[in-house]
Each structure stands twice: as C-alpha cells, then as structure tokens.
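Next come the structures, one after another.
Both complexes below contain chain A, partnered by chain B and then by chain C.
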Partner chain A sequence: MGLLRYTLWRVAQAIPVLVGIITITFFLANQIPGDPVEIMLGPSPAQGQVEAIRARYGLDRPAYERFLTYLSGVVTGDLGRSIYYDRPVLEMILLRLPVTLYLTVSAFLFAIVTAIPLGVISAKRRNKPADHVSRIVSLIGVSTPSFWIGLMLIIVFAFHLGWFPARGLPLPWASPADIRGAETQLQVVWTSLHHLAMPMVALGTLQMAQITRIERSSMVESLQGEYVKLARAYGVSESKIARKHAFQVAQLPVITIIGLGLSTALGGAVLTETVFEIPGMGRLIITAINNQDYELIMGTTFMFGVAFVVGVIVTDIAYAYIDPRVAYGEET
Partner chain B sequence: MSEPLLSVRDLKTQFFTEDGTVRAVDGISFDVHEGEIVGLVGESGAGKSVATSSILRLVDSPGEIVGGEIEFKGETIFGLETGDDGELRPRDEMLTEQEMREQIRGREIAIIFQDPMESLNPVFTVGGQLREFIEINRDLDSDEAKKEAIDMLREVGIPAPESRYDEYPHQFSGGMRQRVLIAMALACQPDLIIADEPTTALDVTVEGEILEMVTDLQERYDTSFVWVTHDMSVVAEICDRVNVMYLGEIIEQAEVNDLFYDTKHPYTTALLDSMPRPDRTVDELRPIEGVMPEAIDPPAGCRFHSRCPEARKVCREVHPEPRDLSEESEAIHAAACVKHDAFDVGYDESQPIDTQAGGGFSAGLTETGGDAE
Partner chain C sequence: MATETDTPTDTPANTEGTGAGEIEARVGLRYTLRQVRRDTTARIGIYTIGFITVVAVLASIDHYVFGYGVAEAIWYSPVQDPEQVERLLPPVGMENQFGQGTLEHPMGTDHRGRDILGRLFYGTRIAITVGFMATAIGLIGGTLIGAISGYYGGWIDDVLQRFTETIYAIPFLVLVIAFMTAFGRNLTFAMVGVGITSVPVFNRLIRSRVVSVREEDYIEAARAAGVKDRNIIFRHVIPNSFAPVLVQATLQIGVSILIVAGLSFLGFGAQPPTPSWGQMLSASRNYMLPAPTFSIFPGIAILITVIGFNILGDGLQDALDPRINN
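And now, the complex of A and B:
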C-alpha cells in the first residue's frame, strides 16, 4: 500500500470512531438533569411558549428519532441550531475554532521547538549538570497544571510587571478596524502575538516537559544502538551521529507523544481559555454545558472528537513516513 | 618476516564498575601481517570483542584502555609513557581522537559486527548507509560513491543491487544484511578488517556461503583480517594463524595446523574436544567442565587451573606468560602452560589437584553462542 492509500484507509477507519463519539455524547447529553428550554425561558414562561419551543427544536419527539435526525444532519454538514443562542451550531463553531487552533498549534510549536533541543542536549550530556537541570525543569513542567501556570503568569507578568495583556486573543489576520490601537495589519499581528505569549506558554509547558522527557530517554537509547557503534567505527563524527544517525531513530516515540498530546492540549485549552478569557472552543463548550444546550454540546464535542482523530491519523502517517518498517497495515 | 601491519603488545583494557575492576583484556600481544587472516578464539566473555574495540579505540565507558601498545603501519594507535610527574600519559605520537576518526576508522581498519540485524540503521536505506561510509572514507563524491556501493553489493552476492540499493534493512534477510556489512567493510578499502563474530547470528548454511565468499574476496583484495569467533570449525576453515583467549589472556598462539595437530595448551585441547571433528571419531563430545570465572576476580596462578584436567598444585601458584615452544626454524608456537619443560617450575613433581574437571560428565556450561562483551 502506498502512503496515499494508507491515508485514505486510516480516514475510513475513523468514521466508526466518530459515529461512536456522536452516539455516546448524544445520549449522555440527554441524560443531564434539567431542561434547556426552562433555562432559556427563565422561571415564569408565557402560556404555550414552552411547548412551542420544544416543538421547534424537536424536543417533543422521542430520543431515538431525534438521534437519527441529528446523525443524518451531520452527514450533510448540518450540526443543528443552538437552543440557547438560536444560531446554527456550525456557524458558532467556525467562529471559535480558529482561535483555539491558533492557541493549540502555537503551544505545540513552542513545545516542540524548545523540547527537542533540550532533550538531545540532555541525552548527550547524560548525568551532567545540563542534564539534571533539564530533567528537573521537565519534572516540574509535567506536574504543574496549565491553569495554575496561567494564573501565575498573569499575576507576575500582567499585574505586577505589566508586560503582557492578561485577557483576550485577537487573531493575527483580523481586520485592523476591529483591534483597538492597531492601524496596519502588522500592528494586528504584533498585538496578536503579544496576547498569545502567555497562554501559549501556559498551555505548552506540559507538552514541552513531556516531549523533553521522551526525547531524552529515546536519544539515550538510540545513542547506545549498534548502528551508532557502526557509524563510529566508520569514522562518522559525534555531532553527525547525534544529528542524523541516532536522531531520526529516536523520533519515533516522540511523534507518538506529540500525537497523543494533541488531545491533552485540547483539554488544556478549555482551562487556558477560561483563565485568559479567550473566546475559543473551550469557552464555548463550557457555556453549552451550563445552558444544557444539547445541540451545541453535541457540536463542540464532535469537533473535539474530529480534532483528536485527525491528530491520531497525522501521527500514524508521520510514523509511516519516518519509519520504513511500518508496513501500512498490510499485516493486519 | 616483514614488519607486521598491526602489532598489539601487552594490551590491557579494564572496566571500572561498581563491583570492582573488570580486567576484560589483560595483557595480550599479537601481530597481524599483510594478507593474513588471524583468528581470535575463545568462549563468551573471554575478552575478544573488547580486544577488537580497543584496536579502534572504541571501548565504551566505563571501559578504558589502561596499558600496552597498539601500532598500525607505523602509527601509534595507543601508547603510554611515564611523564615527569611519574604519572602515565599518552605519548606525543599517539593519534588524537580526530586523527583516529579521520585516518584510521573505516579508512584503514574497518569492522564487521556480529549482529547484522541491529547494526544497520533501520530508518535509512541500505544503499544510503553504504554510500555515506564510502564518501567519508574514500573521498569520492556522492555519485561515484553510489556507483561504488552498487558494485560492492554485487560483489558480495546481492542480487539486483540497483533496486536493492534503495531498500531498507528490514527488507533484507539476516544473511543478506551480513553481506551488506561485509560490503561496507570492503568498500572502504581498508588494509585491515576486524570481523567480530560475523557469522555467529547466522544459520550454518548461510555461514558456509559467507565464509567462502570472504576467503575468495580476501584473496582478490589482499586485505588482512582479524577474525573473532568462538567456533573452532570457522578457525579451521579460514584462519592462517590463531590466538586462543581465555579470561582476558592469550594462552596459545600458533599457525592453524600446528594448533589443531600439535595442541600445547590444555584449554585449547578442551575446546577442540568439545566440538565434532571430521578427522576424529569419538563416541561422545566432551564439553569443558565448569564455567569461566569472572574477569573481575580471576583465579591466582594459571587462570584455567580451576577447570583444567591436568592441573597440579604449581598451577595455582605460578602465573605463566605465553612462551615460544617451537623448535628452531619452525613457525612460532607459543603457549602459556607450565606443563611444558620450557617453563621449568616443577610441574612434574607437583601434586595433582581436584578441579571441576575431576569428576565425570556433568552438565557444565561450555560454549554459549553470541557473546556480547
């Protein structure tokens, strides 16, 4: 199988997973005690109003019927209407998704760019001071929750020092007219990056710590490989061994961790967005749950599910690309 | 005889572990002349692999070469001298780490490792790895090196080398990978190839093919070999001269025929008795009794005395160095056993001692394949 067919195969395999996610979320959301219509209309609704709204959103029909309607909607790209906001769910998601992706991807870039060199240096200077420092830092990073890091960053760098803004995250491609104090696009980008710095660090620290640890142990193991001995015996320099021979083999477990970290990061984004008051998917999902907005809960959860599945697929493909031994599922 | 290509004198390599100092190689001396295949034979743990990595100065930490001299074509690979402060220090003419890398490793001395399954890098193509080593060690540009790599793959008997060039190691069988490693060594056109048990991991039929191929290529390229093995039949098949190692020491050194038909050391005798031979019919093979002691705390006197059927009291007291026992005009045949008259320490008068070899047949460990020193 070629790489393209492998990709298509993996995408096809993801469909049952997504159907499963929809099913479970649908019935779970409907089990939440309380009624979205009551939340929406307040304590004393007018006569007949409740029934009218229930009928409008199909809430008067049995659950299995609504489920099938919803499922067929998803297939055609219709995620329903938010009960609370009375807007199409897809529209709301598309408005929020870019912010979350912007934050998560930046956090990941931050994590990868710092973690890989740290891990390699750590492995090369194993049991020396540089290694100890990097190990302690990553241990702290792994064991500190992202919202706590976020709060600390806000206290120190926003309140006391005033270097960074504490809330909001404008997108770099937003129009200058919408951003206060910005006249040119360049200023928008600058404002955006300025806002991005703290949430990015808060969200990326955990990933950075995890990747550093894996990178280090993976490099330590790889540097002891027979192929490294062979390269040494044929006069390859130590720096080239670290950059090429040992490095590429060592990246396989790192890729797995990055792929799996994507889902953790999305979960962390919910908290980070709350701490920094960023209007992203995380905030949306929390509002949806608070309002018992069935359709919005379904829609946002489904989007998180899609993001997770995409992360796994990208990991698998990257794996197949780097490691020629991955036989594209031929043996299974 | 002419100047040897490689000369190892009193080489000592030790490993500094938490349990103590492991004297993996403890004062071995041997020469390799041009066009010769020299065997280095012994059980697992005898120090063979450590000896070979010492020649390339590639002993992994916590191991270290602590004494002796290694000369190769007039260059000093390793040599110490006593400094003004009375401490040992490397001699001025000893090659630096950079010179070792640029001038010796791969270029002058290439190595074939014992594990073909692990030695090739799994994420690069076979051809790419071959080409890289050729580029480094022969100053060829990329295209020339690729052409050379394909030629070499053909030379070692890999069918359709042009297409196999772009394949990955996992697409090759064990025997084919070993051929690739041999191609690597030959392609760098070194004067000496160290083969560290290259056929141990292969099955016997493949081993036979590889040995035949190596003898053939050796004649054509006139490369010298140090052939490390625990298998006496491999020695008989390809070596010109043999060094038998036991617990970090060379205990017998002879031309291959002398070693087989005029064996001077009881350990060599025991090794030969433990394997089937076409020229002798025996009812039962006789494994060597007991296990080789730890190199961390070698027995006093002759190191083999605890397992030696001919051991006497004197063997516990006297530590023999190998001595040339050959008649004049014959080739050198050295052995380190006091039973020979040349040692004259009173072996004949000494009382025999009970050793592990004293009893009848017992389930002793003899040879275990694939030692990984």
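And now, the complex of A and C:
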C-alpha cells in the first residue's frame, strides 16, 4: 500500500514541473523573432491570406489568452497544429517518439549491462590494473562528445569494415513490407538491431562511464559497511559478499544517477539522431526550429520534458521498491 | 562537512605547533589545493588546462590585435579561404589518393584548404571562453538561487526549487537550442543558455550546504549580533561552501565545453568562419570517407580539453573527500 501511495504522490508532484515546462517553452516560443506565417506563405502572399491564417491558428489573440488555450489543450491531449506541415503536433510526435525512446532505452541498457560489471570489478580490485583500466575507460567516456564517437564508429565500422549501416533506424515492430530486403518479422528485428548497434554505443558511452564511476565508489563504500564485516565474520566467501551483500546496497545511488542521466541522454539523442540520420524527436525539433514552427517547437520540447519526468518517476519508484524506507517517508 | 569552518581568507584555524612541526588542518581550501598539488594526475590536468588556456589567449591576441596576421603568416588563414585551395591534404606521414602530406600542414587541411592544426589552435578560444563564461553564469545564478532558497526556506524556497527543477527537466541540449532560437543564434546566447542549464546543479549544491550551515552556532551568533541577512549569506554562508563548489565548477567547465561542441555541431554555436571544434566536426561529416583525419583531430582536441578539467575536478574531489580513494 505504501508503494502505491508513494507513486501517486510522486505523480502529483510532477504536475507543477510539467506546467512549468509548458510555461517556459511557451515563453521561449513567443520570443522567436520572425513570422512563421510569412515563412509558410512565402514572400508575397495573396491579400487577406496572412490574416486568415493568423485567425485560424489564433495568432491574432493576446499572448496570455493563447497560453491559457494552449494549457487547456495540453490537458485534453491537444498540442495544437504544426503551422508548417498543417498537421496535429501530437500526431507528428507520436510518429517520432518511439524511435527516440527505442534508441535512448537501448543506450541505457547497454550502459547498465557494461557499467555494473566494470564498476564492481574496479571496486573489488581497487588500485590494481583492472581498476586502472576501468577508471581510464570511464574517464575517457565522460570526456568524449557522443556525436564524435558516432562519427568514429561510422568511419571504422560502416565505411572501412562495412559491418554496420551508417544511417537510419527501423523499429523492430515495423511491418516487413516497409523494410527493404526483409520478408519476415524476424528479419525486421534483425535489421533493426543491426542499425541500432552503433547509435546505441555512441549515445550510451557517456552513461556507461558515469554509471561505472558511481558503481565503483558506491561499491567501495558498501564493501566497508558493517554488514560486510558481519558476513565476513560468519565466514561467507568474499565473492558471495561482493555478489550478494555489498552489491544490493550499492545499487541505490546507481538508480539515482540513471534517472538524472536521462536528461543528458535525451539531449544527446538529438546529436545521435543527427549523426546517424535517424528520424526521431531530435530531428523533429531541429526541423521545427528551422521552419520557425512555434507549435511544433513547443510540443517537442514539452514531450522531451515529459519523457524526462516520467523517467525520473519510474526510477524513483524503483528506488522506493528496493528501499522501502523511502515510500514510508523515513530518513534514508 | 559542517566542520569546514575556515574561510578562504583565513589561515587554517586549528593549526597547532607541536614538537615535530605543524599539524595540518585537514579542511578548507588551502589544504585542498595543497593536496591537489601532490596529486600527479591532477597536476597533468592543471598543465593541460594551462596549455590550452595559453593557446586560447595567444589566439585571441592574434585575433584582436593583429587581425589573424600571425595565423596567416604561419598557416593558411584559419578564417578566410585562401586563394589557392588545396582540398583535403592528408596529415604528415599518411598517404592516400590525395598525395603525401607536407610539413606545412602536419594535420592536413580541411575542405577549404585551411590548415587543420591552425584551426584547432584557434578553436581553443571558443572552447575556453564558453567553458569558463557559461560556468561562471551558472555558478553565480545557481549560488544566488541556492543561497536565498536555503537561507530563507518557506515559500521562497518552494518557488525557487520548483523553478530550477523545471529547468532541469528539459534536456540540456533541447533547452539551449530552444533558448538560442528565441534570443539569437550567437555565441553570447550559447554561453548564457549553457550557463542556465548548470544553474540547477550549483543551486542544489549550495542549497544543501546552506541548509546545514544555517543552524551553525556562528551564524546564530552573527544574527544575534544584528548582522544583516545579506551579509550573513555572502560573508559567511557562501565562503563556507567554496570548496565543493570549486570541484563542481571544474567538472562543469568540461560539461559546458561538451555541450557547446554539440551545439556548434548542430549549427547553433559560433558561426563560420570563426573556427570552433564542433563546427569543424560538422563540416567533416561530408568528407569522412576520403579524409577521416578531418573528423578525428577536432574530436581529440575536445577529448583532451575535457579530460583536463575532469581529472583536475577528480583530484580536487579526492582532496576534499579522501575516504573514497585512499
């Protein structure tokens, strides 16, 4: 029961942040110089056309009125219409969002699967060669621009070795009819994973490095805990201590850093999508900005914020599940 | 951490003379800096940052005083297209269909015949300027918000914290891009934008320090003596939080350099012809097959610079919290 109430409380807490995101994006979109209607209609529109379009998109009304309209629209799931494409913003976002989520979630899985062993080994063999290697790898990981890793992967694995495709990212659940050279669903999944490998590594490396660093220091601290001394006194083997006793406790800070890393990763997706020419949310926001498409800029920025907030709530709930003291409001 | 009571201007307060010599106060800024100087890795970080900063200063002098005169004398102009364009000359020691590289261009040339090494040197200006300025903006903004929020508490705290949470909730890069679209696609707004994204980081750090320091006896004493709130915050609370902020600021400079490189890569940073690393990487995308080195070197430049700040930051961190590594 505690966990359910905690979940509801966390969701309620997110509401002011979401309203804040809408306010900030609305304010920024309204500051954009230039006129989207002019961009849409070209240099010499027919008489009355500009006014008609302004009235249609409500651009002739005062800002606060448009803000309230927009806010009530968001509540009912209406993010407005893209002025440039003349399509509902939500529809355009829902087409692109799965690609970005597929990429980001895969990048995190890659990061977690590689970082946790690296961090644990590092902590267990502190100041030994394995630790030094792992620390250097994670230092380079946090210091390298993700888009440059992408470029290097393309040069080596796409251009020179020809192992992986350099662009695009089909979804694994796409219809075989839409994917060239694929006949069965299994082939679609394979094509998708084949395309996923390089962007996933490019986007996930930074997270991998950050999680390794946290995992290491958290494990080092955990291995010095009283419960480890107790287990040792009872004659539990060192490997079992590391695997069971110290490991579980050490995961709490790691979960926190995963939640916070989402912000970086979602932003990084914009770069990764550019490098690998993946039609996701990142490309959508860049296109929207180049077209000065207010509603689309607001919609995509808002959805990026929503993705982050949902991610943080999920990690918080995972945290509360692992450490029930959180849900019952005790000091941790 | 509340034991850290000496301000940067004080001498370590609890230094006592003993027979053998002085016992160091294991707290405070001076102790931290002394520890860092003993740390070989951190020293490498300092040298790297020092070298890049010197290059950046020299490049700026050349830009403002000589109008790139020095650059033109040594390399092809890093800014304007030279008259004779030798496209994509490979670096020295490499041979391919473009012919042997010459010592004149040790890293080869770019798609406009400009020397890559020269442009890398001149690209330090953007990286260093934006790294320091953006962090300074974030530091000042975050410190003010965090200190006010933590010191006063109550509704002021609530409002300010919801505000910074909101900023944090929009992914950094998306926020800066939206910000620059609204206010202007130039370097000034890139710095301000990146600075804003680091406000929540410093805010959280300072606020948690202020909340714990607020209850200290000497703050109580200052308040009882009739010292104004503003003076308590700026003279006592903030100086006492200086050391962890220094660590965060060092790391944040590296993060800012990465964000700005990403922005330039997307076309939102310094505009051509000003040389910047991200923009070089962006241009290199069309030449990855014939001239991979054009993509490799600017990335290495970013990597080395950011590593410099990260190892210095780690060194400072270890000096402040020796439990983790030693």
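Quick note on the criterion: the second predicted complex is superposed on the first by the 324 of 332 C-alpha atoms of A that agree within 3 Å, B and C clash if a C-alpha of one lies under 4 Å from a C-alpha of the other, contacts with A are read in each partner's own complex, and residues count from 1 in each chain.
We take it that a contact is a pair of C-beta atoms (placed from the backbone, for glycine too) under 8 Å apart; a residue touches a chain by one contact, two chains touch by 3 or more.
What you see is a predicted model, and the numbers here were worked out from it, not measured in a lab.
**Q** Based on the shared chain A superposition, would you classify chain B and chain C as clashing or fitting together?
**A** Taken together on chain A, chain C would fit alongside chain B, as the superposition shows.
**Q** Quick check on the superposed pair: does A:Ile322 touch chain B, chain C, both, or neither? Answer first, second, both or neither.
**A** first
**Q** Does chain C touch more residues of chain A than chain B does, or is it the other way round?
**A** C
**Q** For A:Leu296 in the superposed arrangement: first (chain B), second (chain C), both or neither?
**A** neither
**Q** Just to be sure I read the superposition right, which of the two partners does A:Ala242 touch: chain B = first, chain C = second, or both, or neither?
**A** A:Ala242 contacts neither chain B nor chain C.
**Q** For A:Pro16, is the partner it touches chain B (first), chain C (second), both, or none of the two (neither)?
**A** Touch partner of A:Pro16: chain C, not chain B.
**Q** Where does A:Tyr234 make contact in the superposed view: on chain B (first), on chain C (second), on both, or on neither?
**A** Touch status of A:Tyr234: first partner only.
**Q** Touch test for A:Ile140: chain B only (first), chain C only (second), both, or neither?
**A** In the superposed model, A:Ile140 contacts chain C only, not chain B.
**Q** Angle at the Cα centre of chain A spanned by the Cα centres of chain C and chain B: state it in steps of 10 degrees.
**A** 70
**Q** Check whether A:Gly225 is in contact with chain B, with chain C, with both or with neither, and answer first, second, both or neither.
**A** The first partner, chain B, only.
**Q** Once superposed, minimum distance in angstrom between C-alpha atoms of chain B and those of chain C?
**A** It comes out at 12 Å between the closest C-alpha atoms.
**Q** Going by the contact rule at the top, pick out the chain C residues touching chain A in the complex.
**A** Against chain A, the touching part of chain C is residues 162-163, 165-175, 177-179, 181-183, 254, 258, 261-262, 265-266, 278, 281, 284-285, 288-289, 292, 295-296, 298-299, 302-303, 306-307, 310-311, 314, 323-324.
**Q** Going by the contact rule set out above, which residues of chain B touch chain A in the complex?
**A** 56, 58, 101-102, 104-107, 110-111, 113, 115, 118-124, 132-133, 136-137, 168, 170, 181, 184, 188
**Q** Would you tell me which residues of chain A are touching chain C in their complex?
**A** The contact residues of chain A facing chain C are 16-17, 20-21, 23-25, 28-32, 139-140, 142-148, 151-152, 154-155, 159, 217, 220-221, 263-268, 270-271, 274-275, 285-286, 289, 292, 297, 300-301, 304-305, 308-309, 312.
**Q** Give the list of chain A residues in touch with chain B in this complex.
**A** Spelled out, the residues of chain A in touch with chain B are 225-227, 229-237, 245, 248-249, 322-325.
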